[in-house]
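Pasting a structure here, questions to come.
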Amino acid sequence: MSRLQTILIVFAALCAGSTMFLGLTAEGYGISTVPLLQAFTGAVLLLAAICYGWSYLFMFNRLVAGALVGGVSLFGAYGLIQTVGEVAPGPGFWAATLAAWALGWLCVEILASIETRNNVLNFLLRLLIPVAFGAWLLIIWELCTRGFNVPQVLLPSPSAIGDRFTQSTATLWVDFKQTFLKAVLIGYALGCGSGFLVALLIDRSPFLKRGLLPIGNLVSALPIVGVAPIMVMWFGFDWPSKAAVVVIMTFFPMLVNTVSGLAASTAIQGDLMKTYAAGYWQMLFKMRLPEALPFIFNALKINSTLALIGAIVAEFFGTPIIGMGFRISTEVGRMNVDMVWAEIAVAAIAGSLFYGLITLLERLCTFWHPSYRN
Amino acid sequence: MLSGVPYETRMHTTATPQDSTSVIRTNNLSLTFETNDGPVHALANIDLEVGAGDFVSFIGPSGCGKTTLLRVIADLEQPTDGSITVNGVTPEEARLTRAYGYVFQAAALYPWRTIARNVALPLEIMGLSRRERNERVRRNLELVNLAGFEKKYPWALSGGMQQRASIARALAVEPDLLLMDEPFGALDEIVRDHLNEQLLKLWEKTKKTVVFVTHSIPEAVFLSTHIVVMSPRPGRIFDVIESDLPRDRTLDIRETPEFLAIAHRVREGLREGHSYEDTV
Amino acid sequence: MATGNDLRLIDRVWPVVAVVLAIIVFWYLAAVYLNTPFQRDTYERAKVENVSFVTHVKDTLAQKRPVLPAPHQVVSEIYDTTVKKKITSKRSLIFHSWITLSTALLGFVMGTLLGIVLAISIINNRALDKSLMPWIIASQTIPILAIAPMIIVVLNSIGIQGLLPKAFISTYLSFFPVAVGMVKGLRSPETSHTDLMRTYNASSWQTLWKLRMPSAMPFLFTSMKVAIAIAMVGAIVGELPTGAVAGLGARLLAGSYYGQTIQIWSALVMASILAAALVAIVSLVNRLVLRRMGMLA
């Protein structure tokens, strides 16, 4: 056991132990979930006892140890969430929360220390560790907002957001269609596509390359979202104006990246193609485009987040009565913060999936690149 | 058959300018690079003749123009003066008809293509049919002892195997002339010895003409029928040594007095050409 | 052979100048073309006929609320609102620029510090690396700019006002490139260098200060260039939901309410100048620091 792991288990045990002396709830013990929490306390102390002196816990493999610790931690979280739903929590409740949280951390620590050559296990761990981390973030959020009675307007609890989400799927879907499926995807495709084509064109002229590249680099650093009001004036309130903003935002990163990608081929590879008497197009398709792929994917990834931002911000400047940006700004005005968070959740899920999809595609297309080989 | 400037007398008297066995012929060839620090005479007054089936090595210190000369033959550089023919035509025409295969110091295999598809690359560019491509890939990978590695990616192979694949790629064009620019320079000596032996066998089997750039004396002497000693500033041919070693050689030949005598002559040539003086 | 660095200055500047000139010419042509329909309507309403081509072009480039203002209109608007107005005036563009600039800078500083701290924790702890790194990347797929209005409103309601709420948005955007770049940079020393530190029995803090930090400097500055540009975006968007009170974002919003296109464009140009200047300053500091450290010839 590392020092940090020892500290965590001792801390968890101290917190769990202290719940025996501190009141679990403000009203004392007279509620139904108390046995749950008492069982949790017992489990923590048992775990700590196993670890004490000699690491019996690690006599099993680390996977079992991690699962054991994580299980107890989640069991505690379950009891705590049940409790916080019934009564106002007391100091013992928070001590138990700390104990459960320390175990959650310990679980991540143990899982992260596992080294294995098993590919499937590696993949699962890579997935499981951040998920465990995220789950604990949500649990703490839930316990704090409800335990401290944070006003709904300030920060709703995850369960409240989840309720709102399931109740208003119809509205969310309409907004998603308007903002993501129309403005973002169409603008993204047009912006990336035209950036790529223009890069191919100016690549043939050194003069244009030297003239446009510094400007492209400069424009990439400018706050282009600012053109949103202009685009709304030019293209109207509906999705085309948002798509236009997305096109402008995504064009320059793609241009700059593709041009540097096309320049990435080494001299020796160019000479090789020359000895084969290869033509321009053969060189382009067989050598330069594959070589440029990592750069192009870099732009596609940067652009995937830019596109979502552009479309939503453009909706602040005028929109028909649907769309994610529109919904967020009006619901904030009405203090329906849970609805805002539901929209944010949609945006986050859509954004992550979009990004994840491009990353997956990148891995498939550039499996040969040093950063992906194994 | 081959000659360098100071050794005019070495030329076989039977040779005529239109000799059909002459693969490469240069006449007073010069190449000057214009740089910010003034002109650099990379090659000066090169007269050279390479006959069919010869194995010719260029040896000399860095800056003597041996790689530049090879690149001129391959039409990767253009001479500023003099003339050169490859297979009786200009280097450009030779390149456009894919008259030679070129092996670089680095294997320069594409990481996104398997070994087989890397070897097939020049064949795709030449527009050969799939069947013809597959047949040539199979044949040439066998020739360099890489059968069974078709589906591997180059980064999964060792440096020596990568270089062998790049030789197979050059051979797949089925040229009569093979130009090799320090192909084994980046490999360790044990692998290099092994590949040298394999290369000799290959040369015997295929009867190709090989022009080979190196800075290793044993390598040059072991491989070549003719050794061209070059010296720097300006890059020129200092000596041409014809080897009388038998064509059928093994690594053991390197301990024989004949081998050592030739190696000694090469070293002497390099010394007289000021190759061992401090250079920038 | 000529590479990018060997080119003479004139060879590098001339293409850029040519392209900029081409853009300006194109801009004027577009302005005439886009403003023509409105100009025709105006003539018709005023019953003016037989307008000469020159007058027509002149009029299209001098409208009060053009579809596309001509470059000289934007320049004169910027001149009017910077030089001719008092700095304290609400109509001064300098006043608004300063607000946006200070927000962006505050957010940038907080974001950079946060990014560095995160990167150091990540390279020192395997568990954090595996659990936090995916979330740092995921955090950027959440369109924070969409949440901006809520953050502003919520923070206002608990009494945090002024620059800070807007600066948080800039922080959120700018910590990301710094964190990712620094993780890469702190891991950039070669194995031989880290092995050398091991032979000295150096502690992880000593390795950090004497080896990892110096190696990460080029990465830090590259990230900071991205971070300061994006902090500027955050500051502008953060100003939108405050109801067009102050700042360049507010000028954009107010301009779009009242159809004041010239005002929008001048705010946009001003924001671009600021962003470009900030990036240039970071690049300059980058060169100075790296030269001082002997990492730049």
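The chains carry the letters A, B and C, assigned in the order they are written, with residues numbered from 1 in each.
Throughout what follows, a residue touches a chain if its C-beta (ideal position, glycine included) is under 8 Å from a C-beta of that chain, and two chains touch if they have at least 3 such contacts.
Because the structure is a prediction, the values reported are computed rather than measured.
Contact topology of the protein chains: linear, an open path with no closing contact. Chains A-C form the pair with the most C-beta pairs in contact. We define each chain's centre as the mean of its Cα atoms; on that basis chain A and chain B are separated by 55 Å.
In whole angstrom, the spacing between the mean C-alpha positions of chain A and chain C is 24. Residues 4, 105, 108-109, 111-113, 125-126, 129-130, 132-134, 137, 153-155, 207-212, 214-215, 218, 220-223, 225-230, 232-234, 304-305, 308-309, 312-313, 316-318, 324-325, 328-329, 332, 337, 340, 343-344, 347-348, 351-352, 354-355 of chain A touch chain C in their complex. Against chain A, in their complex, chain C makes its touches with residues 7, 11-12, 15-16, 18-20, 67, 125-127, 129-135, 137-138, 140-147, 149-150, 153-154, 157-158, 225-226, 229, 232-233, 236-237, 240-241, 248-249, 252-253, 255-256, 259, 261, 264-265, 267-268, 271-272, 275-276, 279.
On the chain B side of its complex with chain A, the touching residues are 71, 74-76, 95-98, 100-102, 104-106, 108, 110-112, 121-122, 124-126, 153, 155, 173. Chain A meets chain B in the complex at residues 266, 268-269, 271-278, 282, 286-287, 290, 366-370, 373.
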